[in-house]
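Listed next: structures, encoded as structure tokens.
Both complexes shown next keep chain A, but they swap its partner, so chain B is in the first and chain C is in the second.
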Partner chain A sequence: MTTANKVKSNPSKSKLGIDVKDLKVHYDTPDGVVKAVDGVSFSLRQGERMALVGESGSGKSTLAMALMRLTRAPGRIAGGQVIVGGRDMLDLDEEEMRLQRLNEVALVPQGAMNSLNPVMKIKNQLLDGLYDHQVSGDEKMSKEQQVEIVEKLLIAVDLVPSVAEMYPHELSGGMKQRVAIAIATSMEPRVIVADEPTSALDVVVQRNVMQTLGRLQEGLHASIILIGHDMGLVAQFSDHVGVMYAGRLVEVGPVKTVFKSPKHPYTRLLIKSLPTLSNKKDFIGIPGLPATLLNLPEGCAFCLRIGKTNPNVIPWVNVAKDHFIQDCKNCSSYGK
Partner chain B sequence: MTFRDILASIYTNYVFRRFLFFLLIIWIASTAIFLIPRLSGQDPVKEKLLLEAQRGGHMQAGLEEMAAEYSRKFGLDKPLIVQYGNYMADLVRFDFGPSIAYFPKSVNSLIGDSVIWTFGLLAVCTFIAFFVGTIAGALLGWPKSPNFLQYIFMPILTLAAIPYYLLALVLIYIFAFNLDWFPLFGGYAVATLPEWSFRFTFDVIHHAILPASSIVLASLGFWALGMRGMMVTNQGEDFMIAAEAKGLRSIRLFFNYAVRNAVLPQTTALALSLGTVFTGSVLVEVIFRYPGLGNTLYQAIKLNDFFVIRGMIFIVIVTLGLATFIIDVTYPLLDPRVSYKKGS
Partner chain C sequence: MPAVLEAKNVTKVFGGGFLSREEENVAVNDISMSLDQKNPKIVAVAGESGSGKTTLARLLLGIAAPTSGSVEYDGKDLTEISRKERREFRREVQPIFQDPYGSYNPFYKVDHVLFSPVKNFKMAQSRDEAVHMVNQALEMVGLVPEETLGRLPHQLSGGQRQRVMVARALLLKPRVILADEPVSAVDASLRATILDAVSRLNKELGIAVVYVTHDLTTAYQISDEIMILYKGNLVEAGSVETVIKKPAHPYTQLLIDSIPEADPNKRWGKLDMKKTQEKIVTAPSVGWRS
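Now for the complex of A and B:
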């Protein structure tokens, strides 16, 4: 995008896309603190794709919101660092953070069906983000410029330019999600957070939308964090995968190695639970229920689920190239 | 395009269809006003004469002839269908006949004299309450609003629980009776004649402040609470979260996203309350002896002035129908999901 006046905090793009260090999101409840995200660390280089998977309630979406610094009360970001473009976003004031959104980190929201303002034309929803990131003193965009930008953004996500004059209710689910992708990429962000971007779409549309998202992300050389519980989609789309359990990352590694030889028992069971065409027997679940996050003790949350003694302290172990797990001696052989 | 096509396109036109609907409502309602009193099976002329006869001692002689004569004069001796025809013809010409209590003044001139007062007082109050209440509700339902707003608006909103006529009495007692800041009653000072002068205008405003305050204060809460509820509901919508993730300025989030969507149900309520503007605050007019429609209606009911009552009811029907028509026609401009096009 040449016409939108971009203010990048760091003009020399570093190789690092996003660096998350020990991120914690806590919910204060009358019964105690719920640690929805409990010390998550990972980093992504530019152009890399990482997926975060886990059951419902494992903290994936909370993490996504925290990366945008959009955590709402009663939740709060209790600690850690989210470094994008050399700056810790958790240190910025509200106005600085606002300018970072869309410009440096953009969100492709979950539940695309309602993520657009129902009473605004698509073109205005594409443009208002750009307006609000213009440096004061800049001239206003001319009518021709606006039309040109909107057209370019829509064509980039395989939509016809006439969509600009439409309202969200006139679009299909897939088209709406394309508009959401067009908005997210309109300022060429360094990082895209896609929170279950295709959860409401059928598989054919899902594939097309993901291809569009991937193409744009490659063109921008942006890092993308894909949140999802669709393991098949994750396996196809991303380079790296992080498995979350009870608000913590338990295994991180390249998609191929993690899927081929999962090392953490939770990952193993998660992958085993996928139904396949060759195996039409009963669904294989994961025993027990996801951990209650209220007053969760330190150490191995998975041991608590399967009734083993929690060793309290568990180290990160490098099991293969770029492949790390939370190695708990009590449960590591579980479900082999 | 053939003539038939033109007719078809007019018929499928949204505004035209809404207008037909508006006429239909008025027709049905005025037919109901015609039929309901006649369903009682009583002869109003005879009843009235009997009542008079009883008051003045028993004078039965000539009563039958008198009743027949009056019925002829009022056209009540004709068959129902002819009466109905005459009635509708009168309505179409907006001719409601003479007032009984203020004979020979016509119902039209009686209503005409008071309509401007009611419209001036109530329409203005409704708009003030709507705008102030909606803005207050929007600010109260916005998480980034400064806290002190809560302390200012919340006590005012509790006034919504007090009926406006009680509030009117309290205001009269404090500000007119005890403090003597405002006049006790009336639309303008006694012994002046309505005219377009600065002095008279000031006098009218001075008289209107207390009744207006009681109406505005009592209805402010209604608008504010409705708006706040919608604002809070909207906060949880996906598009609000997505909009915040776009890094929009707070002011744009507030107006173009939150308020713009929350105000939709408010406008429907505004149209409905404007429809009842002419009779909405009868009690306030009566308490303040304000020379408006409400007071006129009250007097008419007290004096059994049927023609005035009928004229008033017709006015209410027309304004309510008109308000609904206006909101029907303008709503698609406000909410694109409601379309002018048929079937979409």
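Now for the complex of A and C:
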């Protein structure tokens, strides 16, 4: 398939945060290869926020894990490059990659409630990563230093310092997610991957947590990749949006342009399927079922969903400033 | 004519028994609501986790008994009705639950959840009539019978599974459907089709619907009336247009202000969180607004 070689037209102005080139993640199954991520390319400057959206099964979480190089068998990274800080992370050996995590790329996982260790105090979980990456050199941190670092990290995510002495079960969902954010930002990473960080939270808490995450990311001048299916959250939080369908990026662009004039039919339907508070009866479902990724043919996957014949090659076209789509001649006017 | 289903000042308290060391937890505090027979509506019960919305739903379904107050079905207290009446109640008030997968036995084909209630409640005179009813119900919720019947639950998508559940409820010709977060486990793109099916049951067949949800946008889309719950209390209720467009209680205002709208030009979070939260603690319930 055609891929975007450069998503941003002018990367020279500010430093590149992350550059993903033609990334492929495949699952080997007895029935054939499942191409969960099929040649995805995008790049993000430092301090920029990008959201990757799509239905379940579109490959967005698989992509997030691949960016951290945490893909698990039977999945494997089948090709491409993930360049952070001038180094291709897919070239590193396991030990080098382990040191990159948290230090260069950090993950805010989906459902922090399950990512914290239930039998460890919060302060030790915050320090764990720092010890492991030997922030203080070979010498052990003094007690005072530890207390100081933990307090600083907790205050940065709007938690009171006394949380340090607590266990995860004593915290609410929102507080646990804040701890996860504190851990992810503890080593001031260049790139933060946030995989549906607030999908289990109530709206008021969600807004609060996202504002904290945004403030920290801005302070660190880090790039953030937000994975999610909530187009509303994307519209509120992100500067850029990438829409995924069947493991491929079908549209990438600035949030305001994409929401105002979506060019790919799938993006159009995604936005239309959202209920709003302004006008009633204006939301419709997307017809058909998401594509099965097993033995998916080359070419436009969305054509298959809406019962059109799919052309073999679909060009990646620049439709406006920083705005790219997979321009399929058979389905591009669908749902207009 | 009495209401089909009515909650009269129901309160549900958990814990805090004679020997209990735990504090009392008032999950639902003195809430009343009724579903009219003549003019069946869609009533949304909205709130965040811990608001008591699911407990209220369980009280209405007769799965839990209220600590005080009563739930009445056709004017009769649910705790006092006969076995025969209870059976009738079980047919006429149909639940739809959150997780469309949990309602299925994974080893049985989906036909099982559709045909067994028809058999149990003797809804059809013959096998042919049962097949006809099932097909009709599936079509009503936008499913193609040939593509749905004969399959195992895991072979259907989440959206299809949930629509089969709506069809199942429909087969029993209920007067009330009580849907507890029916779309929160399905993809956003599929929510519209399920909610549309529920809404059509109300409009075309005159079934009253209680829609329990945390999502004010979908509640706004399909309901006629809305009740906002906060920590077990009803803080604001009324016509959905009034409550959503001109919220009067600070909690409703905060909820609406925190909804991420899919429009980058409409920024969320204009209210000051701390000040609003202080107001919520002291603000009295606004009550019913038409």
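Just so it is clear, the second predicted complex is superposed on the first by the 315 of 336 C-alpha atoms of A that agree within 3 Å, B and C clash if a C-alpha of one lies under 4 Å from a C-alpha of the other, contacts with A are read in each partner's own complex, and residues count from 1 in each chain.
Here is the rule we use: a contact is a pair of C-beta atoms (placed from the backbone, for glycine too) under 8 Å apart; a residue touches a chain by one contact, two chains touch by 3 or more.
Computed from a predicted model, the values in this text were never measured in an experiment.
Sticking to the clash and touch definitions up top, decide whether chain B and chain C on chain A clash or fit.
Pair status: fit.
Give one of first, second, both or neither to describe whether A:256 is in contact with chain B, with chain C, with both, or with none.
Second partner only, chain C.
Under the stated touch criterion, which partner chain does A:163 make contact with: chain B (first), chain C (second), both, or neither?
So A:163 meets neither chain B nor chain C here.
Looking at the overlay, does A:106 come into contact with chain B only (first), chain C only (second), both, or neither?
The answer is first: A:106 touches chain B but not chain C.
So, does A:183 touch the first partner chain B, the second partner chain C, both, or neither?
first
Thinking of the overlay built on chain A, is A:285 touched by chain B (first), by chain C (second), by both, or by neither?
After superposing on A, A:285 lies in contact with chain C but is clear of chain B.
Report the closest approach of chain B and chain C over their C-alpha atoms in the superposed model, as a whole number of Å.
Nearest C-alpha pair, chain B versus chain C: 5 Å apart.
Mind sorting out which residues of chain A both chain B and chain C touch, each in its own complex?
none
Using the touch definition up top, name the residues of chain C that touch chain A in the complex.
My answer: residues 48-49, 157-159, 187-193, 196, 214, 216-218, 220-221, 244, 254-256, 258-265, 267-269, 273.
In their shared complex, at which residues does chain B touch chain A?
143, 237-239, 241-249, 252, 256-257, 260-261, 264, 334-337
Per the contact definition, I'd like the list of chain A residues that touch chain B in the complex.
Residues 65, 68, 70, 73, 98-103, 106-107, 109-111, 113-120, 128-129, 132-133, 167, 169, 180, 183.
Going by the contact rule set out above, which residues of chain A touch chain C in the complex?
55-56, 202-204, 206-208, 211, 229-237, 255-256, 259, 269-271, 273-277, 280-281, 283-286, 289-290
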